[in-house]
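One chain, subunit A, appears in both complexes that follow, with subunit B as partner in the first and subunit C in the second.
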Partner chain A sequence: MKGSLTKTVILLVGMYVFLKFILPLFTAPLPASLIFLYLALTLASAMIFYTMSGGSLDEFMGPIGRFLTGTGQTGIAGTARILVFVLFPLLVGWQTYTRLAPSDVPPAENRTIHPAPPGEFVGLSNPYERTQNNVMMGKGLYAAFCSPCHGANFDGKGPAAVGFNPPPANFSDPGTIAQLQESYLFWRIKKGGVGLPVEAMPWKSAMPRWEVELPDEWIWKIIMGEYDGAGQSPRTWEEEE
Partner chain B sequence: MKRFNEGSHMKNHGIIEKLKSLVPTVKPSSLFGWSVFWALVLLPAMVWAQDAASQAMSVEYRDIPGLGSRNVVWVVAQQHLLLAGFVLGVPIFAWVCEIVGWKTKEARYDKLAKEFTKLLTSAYATTALFGGILLFLLIGLYPKLMAYLSDIFFPTFIVYCLLFLLETVTLYLYWYGWDSMQGNRKTFHLFLGFLLNVFALFIMIVPNAWATFQASPVVVGDGTAIERAWAATWNPTWWPVNIHRLIANVVLGGFICGAYAGIRYLLAASQEEREHYDWMGYVGNFIGVFGMLPLPFAGYWLMREIYQYNQQMGITLMGGFLAWLFILQAMLIGVLFLGANYYFWMGITYRIPGSERTYRRPILAMLVVLMVCLGVWMTPHSLVASLEEARKMGGTHHPLLGVFGVMSAKMTVANLMILVTFMSFIMYWRAGKQETAAWAKIAKSVMGALLVIAGIAVIVLGVWGYFVPAIIRINYFSVAQVLIVLFVMVTFTPLTAILMKSAKTTTEMIWGQMPIRAGYSLVSNAVMVILLMSLMGYARSSSRVHWHVYGVIRDTSDYAYSPALGYAAAFMSLNTFVFCLLVAFIFWVATMGDKGKKSPEQEQPEPAKIPGSVAPAMAGGAPREKA
Partner chain C sequence: MGYQKIFSVALGLIFTVTGAGAPCVFASDPPPEDGGGSVAVRLHLTDGPVPSGDPNAAVWDTIQPAEFKLAPQVHWPDRIQEVTVKSVKVRGMHNGQDLAMLLEYADPSEDAADAAAIEFMVGDKMAHFAHGQEMLQVEGGPVNIWYWKKEDGKGTDMSAKGFKTIRAQDNQNVSATGAWQEGTWRVVFSRPLQTGDDHDVQVTPGEWRNVAFAFWDGEIVDGAVKEQGSQKAVSSWWYFRAEPPPDNSIYGYVVLGIALAAGFEFFLLRRIRRGNE
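Let's turn to the complex of A and B:
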């Protein structure tokens, strides 16, 4: 149990370095909110583990107590203690200032990606049979109208995708259309970004309102083509025969 | 007094005389004329009165200025529900404790059951009081809605009143007859406890029908009043809510009793008191954990039914603006799981001397698994990210960690957390004992292998769930995960019980040695579960959005909007705080009487008898009687 506090500090620093610098070498960087969450969980783990028994608690809290009270803090330790006492309030002050100072950086968003659809679109089912012809027609329509943004591979990486923020949806991701019923897609394609409800603010969607250009039949067939091309199935309550 | 009456009589007499002087002398011949006169005068007044009455009848809403009708109903309804949860949950385990005491002949279980029931009796009246206030508020503030619901559910109101009468009478008999119904009459007392629970169950499920009908109404056709009420009662979310609430009430009751024991433990003046309340805290925590293990399964079923009932409502809850509540829910459940496990682990290190070294590594492993699972559970599908961060990620879904945001991942980690918590309990049960059965080694190997296979199977099904249609995952994979975990529980529990029956105690368990933070962790668990119930109560209510009865009666009041999540969170905290205050007051009142009863000779509390035979799992490996 010796050095449990030091171990905790090393663990936290190691975790931070891993999440902030090492993980982004292999994938996209993590947002600060997620890093904070994982660090908080790490700290909580250490505190739970080291406060489980009297001995480990003393090991963990002892150095903190001695540091705060100044017991045995002489020489470099004493100087470091004073330094921390001076720097810590400054750090808090700086943090407060940076949080409150006027800035042109927009605040973090908790955007609702999948808002609830309007009542008139609930419970609709695809009126067209899932035949090879219909699927092929849907894929053709998809290629003509959707693939410039959503990509020929249904992965959201069409040639025009780079121009959008947030980027077009990646249909091959199991967290997108696989979670939704066909009626939901029908609503989103038909009404587009301008048809999003209040809860989806700030309405960040460049999706066109396709109802002005495409008949409902085409939209239903595009949906069929999308699911087939992305290798996903719509959410249903009945199992397919 | 007499003089006053005389005076008032004189005064009245004077008024009458004055009135007489105002009315002209009436001749019989002019009686008809006077009648016509008064008719002409009164007719408009009667019409006005009728107008006023019909206006009163057509009032749809009333408001409480300054506070807002919705806010007041929110607080009162939440207090009533939390109190009701406690009042309906406690009899279940009080009765089980009494049975355990009766079967094992251990007086401490009977004493504990009685102590639980004491808390119940004190909370019962307050629950009814809040129920009455809520009813008056609803009738006054939402007359149109209440008229509609009364029209459909009136027969159930009668049933509810009858049930309440029966419950009250049974509770009186159960509580006041406790001491007199010992010995030969104990079985009758146990029967009363059974009846108490049966009535309590029905008292819960009848109003559940009203609330669930608001969320998932069914077409109520023509027919008799009973037929209509029956049809409305059997709505799609009725039984999922019934089961979810029944289990949640046990969890709430267990953790609140645990918190009560925790506070009494912190205030204990003698070692005997410390031992008793340490043990009571353990039992409270055990009951809370016991209920918590199947609770996520019940919650999953409820959400599935909601989704199936109405996609719009399902998405509002799980993908729309209420989805963030489920991240908060994950955090609260995580803290609850951690708190419960922390208490178990502290129990091992403090109550069983020398076991710290033995169990340190397994505890660390379990802690790591719990934390990793919690990390996955709390990772949202759409991350909170600045514009710059979102640009770097290519949207608000992280390409790698975004996979943690969907149900397959959440179900997997929830099952693993349940499995780990169950193993914590098994570890606690086995701590300080040495199995003597010849087949113990084989049994332990089988259990170890089963645990590993179960863990792997849950993970494999979770990962596989990403590659199959949602309906296959929901109908088969998730169900299979639940069944695997349940299989582990139902296999390990009797196997461990048989092993422990013949086990030799190597280290006596010492009660009353837990540190003060154990008491605080019990209180924290109770606060978490109250917050959790306030949170999910808000989620369930808000999922109806701008409908009083979903899709049938629209909310046209000034409050026909969903409050911002921050505002709602403040109310949840307020509700939790108020409920804690109420519970503290009720418990204070309940224990005040005990202090008064004690004679100087009895100043010292009755020594807690924590003897030996430890057959039931609930004893959690309490020490055997010293030779």
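Let's turn to the complex of A and C:
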């Protein structure tokens, strides 16, 4: 049983075990679609290899042909062949049904969480010095205007947060404000949800357009208070270089 | 439609032959982040009349509700930090002509100023959930709001595109009835699926549309109504869809798919056998 078909099957099983169970020990688990793509590439490579000569092609396809035609089959192999012939059309029928059956799942939404800010906000720096007083003032303003949604603990879990979709940002998460520059926060606070571009679904965000209620000075100080309270630092140009 | 279905049969065949159906077998991608609660309301298709005007009709209890959490309105002034209505259960029905939606929510007291509203986007343009207010980088559309207030005793069909633009429409198509019992409001809104009015949401069975909700607790506290105007409980945009009529032609295409696959097997076998000879 050392035919090329057997080798290919062993290769595919080995590849699957490696991608599915061994690789995640060292890195993030691969999505199923990517595992499938890698297995398809492996199979395609094997097919190319075995179709390079007539001999190797016969060796590869021989067992498949013998199985399908039922040559010399008895017992379990014969039953398996009948099962394959019955199950294959049923599988096609199932695929057709799942593609056509009405779905109760709403359209998928691909929301860009951190879209690019308009040009005039890029590269702005906080004009206020990071003094104890400024940070304290920022935290006070944060408590008054931002904490109902973003939470007194800067974790996005304020009393008003529960009903909103998308939920308010969790500033203590290293994936939010720690990844952004102060100028980005200035844009988001000033223009609010309605200032977002189309890919960020501005029609869903409950973030107020604070420029109509708060002076810029307060917004810059709120940003200071947010970073300090959440224990994060803004991303800077120096770090990117 | 016929071509699309034949294409689906062909795809089913191709996917199966090439093994592209295998992701089903390997499906292990993490599920989407749990947002809690429902994401969509299904308007169940019924043969008979929809129970418009009857929030306590027995048929409502045969429908599994969608449930949406609500937040105090903090998006624009005047804000409110604490609201009475924390979540709403929504059930829906339609019969191809008319639709009815039942909103069920907890409110400890029955008050004249208690109110509920359902909001829809109108047409194809996306509208901001706060009364279709202006968006800075996207041209938004208007919203259609169905409003009910206990003391009015009826539904009002309204339009808005931006703050302070809300107004009752000239053409009123919405009816609404509320019933309060033991701390729970059940309010049923009804309307024809299609109205022919450009200011209204038009509901086509099978088509997904956006929907949002708002509630006011009209209790009198210290001589003033507790929640009114922009001080209310709100939801974000969610989805709803009027269930399409059953399409039995699907089964015909499934049979066609099975027959094609069996034919494929037959010709494959014949070819291999001829090759062997």
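Note that the second predicted complex is superposed on the first by the 130 of 241 C-alpha atoms of A that agree within 3 Å, B and C clash if a C-alpha of one lies under 4 Å from a C-alpha of the other, contacts with A are read in each partner's own complex, and residues count from 1 in each chain.
By our rule, contacts are C-beta pairs under 8 Å (C-beta built on N, C-alpha and C of every residue); 3 or more make two chains touch, one makes a residue touch a chain.
Quick caveat: nothing in here was measured; it's all calculated off a predicted structure.
Of the two partner chains, both subunit B and subunit C are touched by A:33. In the superposition on chain A, contact is made by A:165 with both subunit B and subunit C. Contacts of A:97 after superposition on the shared chain: subunit C is touched, whereas subunit B is not.
Once the two complexes are laid over each other on the shared chain, residue contacts for A:196 go to subunit C alone; subunit B is not touched.
Of the two partner chains placed by the overlay, subunit B and subunit C both lie in contact with A:106. In the superposed model, A:41 lies in contact with subunit B only, and not with subunit C. Using the contact criterion defined above for the overlaid structures, shared-chain residue A:187 touches neither subunit B nor subunit C, since it reaches no partner. Contacts of A:50 after superposition: neither subunit B nor subunit C is touched. Subunit A residues 29, 31-33, 105-107, 118, 165-167 lie at the interface with subunit B in one structure and with subunit C in the other. Partner subunit A is touched in their complex by these residues of subunit B: 308, 310-313, 315-316, 319-321, 323-324, 338, 342, 345-346, 349-350, 356, 363-364, 367-368, 371, 374-375, 378-379, 381-403, 405-408, 466-472, 475, 515, 517, 545, 551. Those residues of subunit A that touch subunit B in the complex are listed here as 23, 26-34, 37-38, 41-42, 44-45, 48-49, 51-55, 57, 105-119, 122-123, 165-167, 170, 173-175, 178-179, 181, 183-184, 199, 233-240. The residues of subunit A lying in touch with subunit C in their complex are 20, 29, 31-33, 35-36, 39-40, 65, 68-69, 71, 85, 88-97, 99-102, 104-107, 118, 148-149, 159-167, 191, 193-198, 201-204, 206-209, 213.
Only residues 5, 8-9, 11-13, 15-16, 19-23, 26-29, 35-36, 39-40, 42, 68-72, 74-77, 81-82, 87, 121, 126-130, 133-138, 140, 206, 208, 233-239, 241, 243-244, 247, 250, 253-262, 265, 268-269, 272-273, 275-276 of subunit C touch subunit A when the two sit together in their complex.
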